[in-house]
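For reference, the structures are reproduced in the following blocks.
Common to both upcoming complexes is chain A, partnered first by chain B, then by chain C.
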Partner chain A sequence: MSSKKKGNAKAARLRNNIIVHTVLAILAAIWVFPVLWVVMTSFRAEKGSYVSNFIPQSFTLDNYIRLFTDTTLLNFPQMFMNTLIIAIFSCILSSFYVLSASYCLSRVRFRMRKPFMNMAMILGLFPGFMSMIAVYFILKAVGLTEGNLIRLALILCYSGGAALSFQIAKGFFDTTPYAIDEAAIIDGCTRWKIFTRITLPLSKPIVIYTILTAFISPWVDFIFAKVICRANADQYTIAIGLWRMLEKEYIDNWYTSFAAGAVLISIPIAILFLKLQKYYVDGMAGAVKG
Partner chain B sequence: MKRFKYASETACPYTCMGAIRNGGVATRLSIFLMGLGNIVHGQALKGILFLLVEAAYIFFMVTSGFYNLSMLVSLGSVPQEEVWNEELQVYLYTQGDQSILLLLYGVATILLTVLMFWVWRGTLKSAYQAECLKREGKHVNSFADDIRSLFDENIHRLLMTPPMVFITALTILPLIFMICMAFTNYSKIGDHLVLFDWVGLENFAALFDSNSVLGSTFWSVLVWTLVWAFFATFSNYICGMILAIVINRKDTRAKGFWRFCFVLSCAVPMFVSLLIMRTMLQPDGAVNVLLRNLGIIAQDASLPFFTDPTWARVTVIVINLWVGVPSTLLQLTGVLKNIPADLYEAATVDGANAVQTFFRITLPYMLYVTTPYLIATFTGNVNNFNVIYLLSGGDPITDLSSTAGSTDLLVTWLYKLTIDKQYYNVGAVVGILTFIILAIGALITYRNSKSYKEERGF
Partner chain C sequence: MKHRHLFRFLLLITVIALAFSGCGSSGESGSQKESVRLMVWSPSEDQNQSTGQWLQTCCQNFAELHPEWDITFVYGVADEATAATTVSQDPQASADVFMFANDNLTVMTDANALAKLGGRYADEVIATNSPELIDSVTLDGYLYGVPFTTNTWYMYYDKSVFSEEDVKSLDAMLEKGVVSFPFTNSWYLPAFYFGNGCTLFGDGTQEELGADFGGDNAVEVTEYLIGLAQHPNFRIDADGSGMAGLHDGSIKAIFTGSWDAASIKEILGDNMGVAALPTYNLNGEEKQMYAYAGSKAIGVNPYSKNMVAAVELAVYLGSKDAQLLHYQLRNVIPCNTELLADPEIASDALVAAQNDTFNRTSKLQPFVPSMNNCWTPVENMGKGIRNGSITLENAAEQTRAMNDTMNSDGI
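For the complex of A and B:
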């Protein structure tokens, strides 16, 4: 009797497992399919956006080569360099802002601390680019919307408000033990040294996370870039370039190259993301705990 | 936990009012001549710096500040004109007033004055402190001491100043500027793009008037925005959570592989995957072609993903699920692991099945812990520009006279109003209203949430 019951339970578990794994497999397929489709498209020899078969009839590397050689309509190498420069500088600036602001908010009890946090929350409730057009007017008034200065303008845009998203880093700093700071203070360490020599090295995950998110944002944002670059095609970032490839007049010729470009910027981001998943989860868990 | 007390945390005894009431002559004179008190009491360099700041401010105000403020009232009235130049025998254009610049400079001047007031208070306190310390025979900080303190007990001044400067210039100033626009007639309607005036609450009235086209558009967009935000937030939350639970089940094999599959899509930049989804779902896109080939729909038929209002709305919510579930999965995995295991053990002993456990233990616990996260996501979804703009672009437009399509959110409508139509004033009003709706909702829930009440340490 009891062995039969056990057998039943075992069968039920097996049945459950089979169901769960099948469902997971179907879901995973749904999630992976578009990604695979982009990769396939980037190697496809036939042009155009609408094809009826998933696996291309013939493979080619032309789409990638074309991205870097055909610069008459859309200058991809130039866009790449623009984005790289903007990403590097805005990454340095915004990492500095985020880390220093979160350190202060987590460790130093100063009078403007609470007001600052409340202000950040309130500002976060405004639609992100409600002020975008105003930012454009301000940059224009300062004369940053012409020629190469557009790059500076974009760097300022991407890094300017960075300190307002301190929550994740602050959550992480909150979880590092305060006793270490106390010990260091007793030993006569200044707070600057604690910050640079103790807190930052101890918080490597969040430092890396901050740097990477800051580095990635110029690659994937295109709204700000579009509003600020306007018609200055030589200042375009990759995101605008890819967006333009899907416009009606380009899509038939450029769709496969669009896929190639998408794969190119996705690869580094994907690698970083997969490597950093753990930190991402940790950072979030810390932030949620508050 | 015992915490170190910082000088600035305890109430500072050197207040502004104290300086005016009890300060010496030099300190009181600092009211007019910033830094005088510091110079007299042995902080010469600091005092001179304060004095220079004041001189710079006065110089700015005299040369352009007062003019900016005076123009803020009228926002300019001189139009650009053609003038016949006798000498050169050509028409020359005179420099007319540009209201937008006048408004910007005016707002910037006001912001600068507020900052200056803040600095002024600081210098007064500093002068009073120097005086008191000197009177009591204590050590008065030299300039070098002050610099050193920036790296130690005053490190927040050093580290917070640069971010604050940029936040003020690139977030707060534009926001005030934009809010001001809501009270003007800066719009393509009536040709007010160069010269415009204050109109008070007229724009708000126009938007709330449900008989006008603008008013009815506003209400329909608002309702859809809230519906969208609700479904987008909770569908992602619930699905992400279930997925996380299923993947982290004891019996599930190859956990890492499954997680990898989902996270992979998260690693592709959102605008890329959304643009691809959009091309796939077009009337002649991959999905329709596939369905035709499989014989599910007729050869010349296509599913109206973005052409039928209801279809379009469901489509964006479903696609948002595709976009959002992986990151929700990642974010919730950590929190799920924190649920005390004995709760589940007790449930198993009592014979609860998986569904009961989920609704009685997991969901209440998660809702309780992740309220701030949910609020942030809800807010993010109300302001979710990317998904709608890239996917449907607000289409389909059912009513040609209105400026918004069926899937337009307040934010995408705002974008269309400002960037495409150049109705800046209406756009600004929409922005302000979005903010007010979000602020009320967020404040109520946030204040009541446990995680806010219990922020530890102070």
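For the complex of A and C:
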């Protein structure tokens, strides 16, 4: 009797598991589908933007090779380096800004603290590209819109406003007990030492999270790069290059290379994510807890 | 204390002033030559080594023709379609000479980003181009650019399927093979409406007349299009499906422009045929399809510091020699009337088809501001027919609705 009941329960669990896993498999297939499609297109040997069959008839590596060898029309390696330089420097700068601002707002008490936080909140409600044209004219007045200085201009654009998005990191710092800071002060630590020797090592997850987001936003940005680069083709970032590959003059020849480029730019981000995934999840959880 | 603040403030002002003034020192001209700096923007193909560096070659030739100037050229990349937005964004920091598509003419004149050409320069341009082409870069009686090619679309077909007689009529073609047309693209679809007497802004410049796409003649066309979309030998070309069909052989004729010529040549080889637009049979009458036509032209920046040199260069880049080189290097179809008379060029099927289309089966694409309201309604008409929401029953009502939206100012 009891063994029969057990068998029933087992069967029911098996049935439920089958249903759940089928549903999950279907959902996963739907989510992965576009990614898979881009990857397959990047290896497709047939030219053109439209194909009538899902799986390419023949595969090739030429699309990737072409990105790096056919540089006269669209110089992909140069765009890749431009973007990498810009992303790395703005990542360093804006991570520093965000963490410093968050630390100050979390630990130091000063008169403008509350007004600043309110102001940052309100400014954060406006999309950044609203100020795009103004930013362009300011950069032009300072003389940063020509030649290699465009890179500097873009780095400034991406990192300049970073200190306004301190909320998540500040929430995390708030969770570290102030008693630790006090103990450090008694031992003769300065604020800077507390920040670098105590707070930062205790907040690895949020540091990682800040670095990740600070790297990704300049890496994938299109709109600022487009407005500031204008006709300076040697300063183009990847986003502009990929966009140009889809213009009507290029699309038939460059579409598969476009997919290859899309796969390539996702590699640095994917590596960062995979390496730092553990901290990333911790970082978000910490912020919610605070 | 106060003094120190004042001092710092003054220092700051000085630094900012220095930054603003930049290095604006002008070169001393010891010799007779006047030093001139010209910034030129063109599509990247024109500066590409693998396609012969048309721009650099022409600029060097220009410099040799003008020994009185010591010219430094600065090249930038901006293709004709997007140059207008880039230049209008900030004309003072843009190229002295650039290339633009004529449908952006009002965008640029509104931003004061295009210089008027006059005097002997205008005379020279007018003398070497057809009047239709001059109209395409003329606004309120002023000439705004030097045209160097026409910009329109026509028909590519497989010669082994269609004869030269067949390609004169769309219905004859549909009986013999599969034809694909960009049905949901509003740059192409109006061709049928123009064929039955519909007009946009009168002759294209009379903005007050508005769009006339809602009469009984337009309804007839909508009904024809519904039938066409269901024809077993007709395919709607969207997102490159026409080109893919040519590749795998399922489609035998498509409608597009010179930018796809090289790809089609690769697919069809010697079987590639090019022709102006065919007629279509509407209730027993043959009606001619009309494409939108425009031009690409060379413009001069009104803020240029070396106006004379800039205008001279623009005229040179649009001249017979430069157009010939452009054609030889990149297959850019010339529009200079003397060049078109050259038998060698005239015998090129592509040149013949494009010019035949421009002269015979096209309407100058209006560039009045209200034109901006005309794109989406036509596109929606094509999409409605494709997905079956526009049927023979509601064709009249939907056509009038399209016309109302084209004539309204809102979104």
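Criterion: the second predicted complex is superposed on the first by the 254 of 290 C-alpha atoms of A that agree within 3 Å, B and C clash if a C-alpha of one lies under 4 Å from a C-alpha of the other, contacts with A are read in each partner's own complex, and residues count from 1 in each chain.
The rule we apply is simple: a contact is a pair of C-beta atoms (placed from the backbone, for glycine too) under 8 Å apart; a residue touches a chain by one contact, two chains touch by 3 or more.
Quantities reported herein were computed from a predicted structural model and do not represent experimental measurements.
Kindly classify A:F137 by the partners it touches after superposition: chain B alone (first), chain C alone (second), both, or neither?
After superposing on A, A:F137 lies in contact with both chain B and chain C.
Return first, second, both or neither, reflecting whether A:T145 touches chain B, chain C, both chains, or no partner chain.
Touch partner of A:T145: chain C, not chain B.
Using the superposition on chain A described above, determine whether A:A162 touches chain B (first), chain C (second), both, or neither.
Only chain B is touched by A:A162; chain C is not.
First (chain B), second (chain C), both or neither: which does A:P34 touch?
First partner only, chain B.
Between chain B (first) and chain C (second), which, if any, makes contact with A:V227: first, second, both or neither?
So A:V227 meets both chain B and chain C here.
Looking at chain A, does chain B or chain C touch a larger number of its residues?
If we count touched residues of chain A for both partners, the winner is B.
Applying the document's definition of touch, where does A:N118 land relative to chain B and chain C: first, second, both, or neither?
After superposing on A, A:N118 lies clear of both chain B and chain C.
For chain A, give the residues common to its interface with chain B and its interface with chain C.
Common interface on chain A, chain B vs chain C: 49-52, 133, 137, 141, 227, 251, 255.
Spell out the part of chain B that touches chain A in their complex, as residue ranges.
Residue positions touching the partner: 1, 3-4, 6, 8-9, 12, 100-101, 104-105, 148, 151-153, 155-156, 158-160, 162-164, 166-167, 169-175, 177-178, 181, 243, 246-247, 249, 251-253, 258-273, 275-277, 279-280, 282, 284-286, 289-290, 293, 322, 325-326, 330-331, 333-335, 338, 369-370, 372-373, 379, 383, 385-386, 389, 410-411, 414-415, 418-419, 424, 427-428, 431, 434-435, 438-439, 442, 446, 451-452, 454-455, 458.
Which residues of chain C touch chain A once you look at their complex with the stated criterion?
Result: residues 19-20, 22, 41, 43-45, 48-50, 76-79, 81, 86, 89-90, 93-95, 239-241, 243-245, 247-248, 250, 259-260, 263 of chain C touch chain A.
Quick check: in the complex, which residue numbers of chain A touch chain B?
Against chain B, the touching part of chain A is residues 13, 16-17, 20-21, 23-24, 27-28, 30-32, 34-35, 37-38, 49-52, 96-97, 100-101, 103-104, 108-113, 116, 121-135, 137-138, 141, 156-157, 159-164, 178, 182, 185, 190-193, 195, 219-220, 222-223, 227, 239, 242-243, 246, 251, 255, 258-259, 262, 265-266, 269-270, 273-274, 277, 280-282, 284-285, 287-290.
Touching residues of chain A toward chain C in the complex: what are they?
46-52, 72-74, 133, 136-137, 140-143, 145, 227, 230-233, 247-249, 251-253, 255
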